[in-house]
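Chain nomenclature is as follows: A, B, C and D, assigned in order of appearance, with residue numbering initiated at 1 for each chain independently.
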Amino acid sequence: MTERRLQVAVIGSGPHEAAALEVGRLLAERGCTVVTGGLDEVMAWALRGAREAGGTTLAILPGESRADATEWADHVVVTGIGHARNLAVAASGDAVIAVGGSWGTLAEIGFAMRLGRPVVVLEGGPAVEGVPRVATPAEAVDQVLAALGR
Amino acid sequence: MTERRLQVAVIGSGPHEAAALEVGRLLAERGCTVVTGGLDEVMAWALRGAREAGGTTLAILPGESRADATEWADHVVVTGIGHARNLAVAASGDAVIAVGGSWGTLAEIGFAMRLGRPVVVLEGGPAVEGVPRVATPAEAVDQVLAALGR
Amino acid sequence: MTERRLQVAVIGSGPHEAAALEVGRLLAERGCTVVTGGLDEVMAWALRGAREAGGTTLAILPGESRADATEWADHVVVTGIGHARNLAVAASGDAVIAVGGSWGTLAEIGFAMRLGRPVVVLEGGPAVEGVPRVATPAEAVDQVLAALGR
Amino acid sequence: MTERRLQVAVIGSGPHEAAALEVGRLLAERGCTVVTGGLDEVMAWALRGAREAGGTTLAILPGESRADATEWADHVVVTGIGHARNLAVAASGDAVIAVGGSWGTLAEIGFAMRLGRPVVVLEGGPAVEGVPRVATPAEAVDQVLAALGR
């Protein structure tokens, strides 16, 4: 049996294309599978960054159809549970990085912290007391991987 | 057909007994059904405050057994979906009031805002940019009912 | 503290109006709160039967809006989790009665049996090996209440 | 962009080791990713069969910890939603094959049929009117792939 690959969830929304691409790329270069909610914007860009760097990507969709997933998703989980899939996104990351984001992202941060996952928020994402913030994608990736002992 | 009663969700956790009891009581006196996650602390006290004022209470549980509900719950929904029931609690309130609380409460605030429910946080609850804070149970109840046109 | 009222879930779909009304009415006359998925057909008729007999009704909706509920629902839980709310419907009944129904009903029967709830299927509902079938609403109500010691 | 790989969900439980291994192996040989609930028995064997044939495997867990997954899972989704994850398992398959199984499997068959996924039940699995049954793993795989146009 091979050692299991780390999975890191990238959450968020909004026009943070460069940051999301870079977070995805850096995670792939460090050997992590990238997990997102699988739709557009940050969710798609993080998967694209990972895929273009040769990484593996996993999308966890809210709806009932696999066709909703961004083309950058290698593997697709169709949950059918709407916004409650935010729990699955947060829980499926060994750690969680927020890039931008609004209310749905806040819910994911809440769940990730509740479950004890390491979480960092990149500048531009929701300010939440008790959750570390970092200035760059490289710091975000370094910090969550350090928290996981890598 | 009778007009449907308003339902207000009270979310939160921690040792805020007096505030939770008063929020529950005030909501009942204003004719609202009180909805919570149905377990202990704030969830139980808000239902108790409502019940003791002659109101109706509704618990939405995370587990698979109705026996988990506080005795102050009149009606019990057993979701079996763990922390994802936080979405159901937030969504089942025509408005939402936070009394204390931690990460699970943050997830509920995120969902309630995402769904467009009026939300207020009582002092002592999570500080979230863009979510109104109030100092007293009476202000909390007045503010959410005003938002609902009552 | 008052003894908690029994909750019985009525599941199913299709044009079984008379049977659903009667199951709802009989449950209300026996002091049970009636729980359904809260939309149309069997879900609405069972609640109507209960309400018209002076009973209390509880709807557990799949969507994100309370406005989706039938007018016969006294209390409404808005789950936002789509078909996964079938688990909550099955789990929220101390016992479960199926009136008609198709694939979604089959999922509810599976969950109710998995959770150890007493289940009966009224003739016309899905035939499932190991699940008792009865011919009339009265037998359905008698049988599940007997299983609950009433 | 590469064409997306088919995903086939294998559901069921019980001591059907040889059949589950073979279904997993045949699906992998036909280029499909195998999806299961990720725990023991049929869920583990189907993933093992796929992995040993060089295929890719995806586990969708009910709990909150990735550590619950069988070692044969390449990618793991941690849903945290208990039995409601059965909806995600059924929905994440482009088609669904049942190998043995009991009440949880019945719920998955109900959801898969509700969502219009092709479903076949291997002899030994639940008998459900309207769901095709086949005698061998090869027939099961042939039949669902034919339904998907392969």
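Brief remarks follow.
Just so we're on the same page, contacts are C-beta pairs under 8 Å (C-beta built on N, C-alpha and C of every residue); 3 or more make two chains touch, one makes a residue touch a chain.
This structure is a prediction, so every number in the text was calculated from the model and none was measured.
When the CA atoms of subunit A are superposed on subunit D, the rotation angle comes to 180 degrees (nearest 5). Subunit B and subunit C have CA centres that are 26 Å apart. Here the CA centre of subunit A is 39 Å from the CA centre of subunit C.
Mean C-alpha positions place subunit A and subunit B at a centre distance of 30 Å. Within subunit D, residues 64, 80-84, 87, 111, 115 each touch two or more of the remaining chains. Arrangement of the chains shown, judged by which pairs touch: all-to-all, with no pair of chains left without contact. On the side of subunit A, the complex with subunit C involves touching residues 64, 80-84.
Taken in their complex, subunit B has these residues touching subunit A: 81-84, 86-87, 102-111, 113-115, 126-129. Those residues of subunit A whose C-beta lies close enough to touch subunit D in the complex are 1, 4-5, 7, 33, 35, 56, 58, 60, 64, 66, 71, 74-81, 84, 87-88, 91-92, 94, 111, 115.
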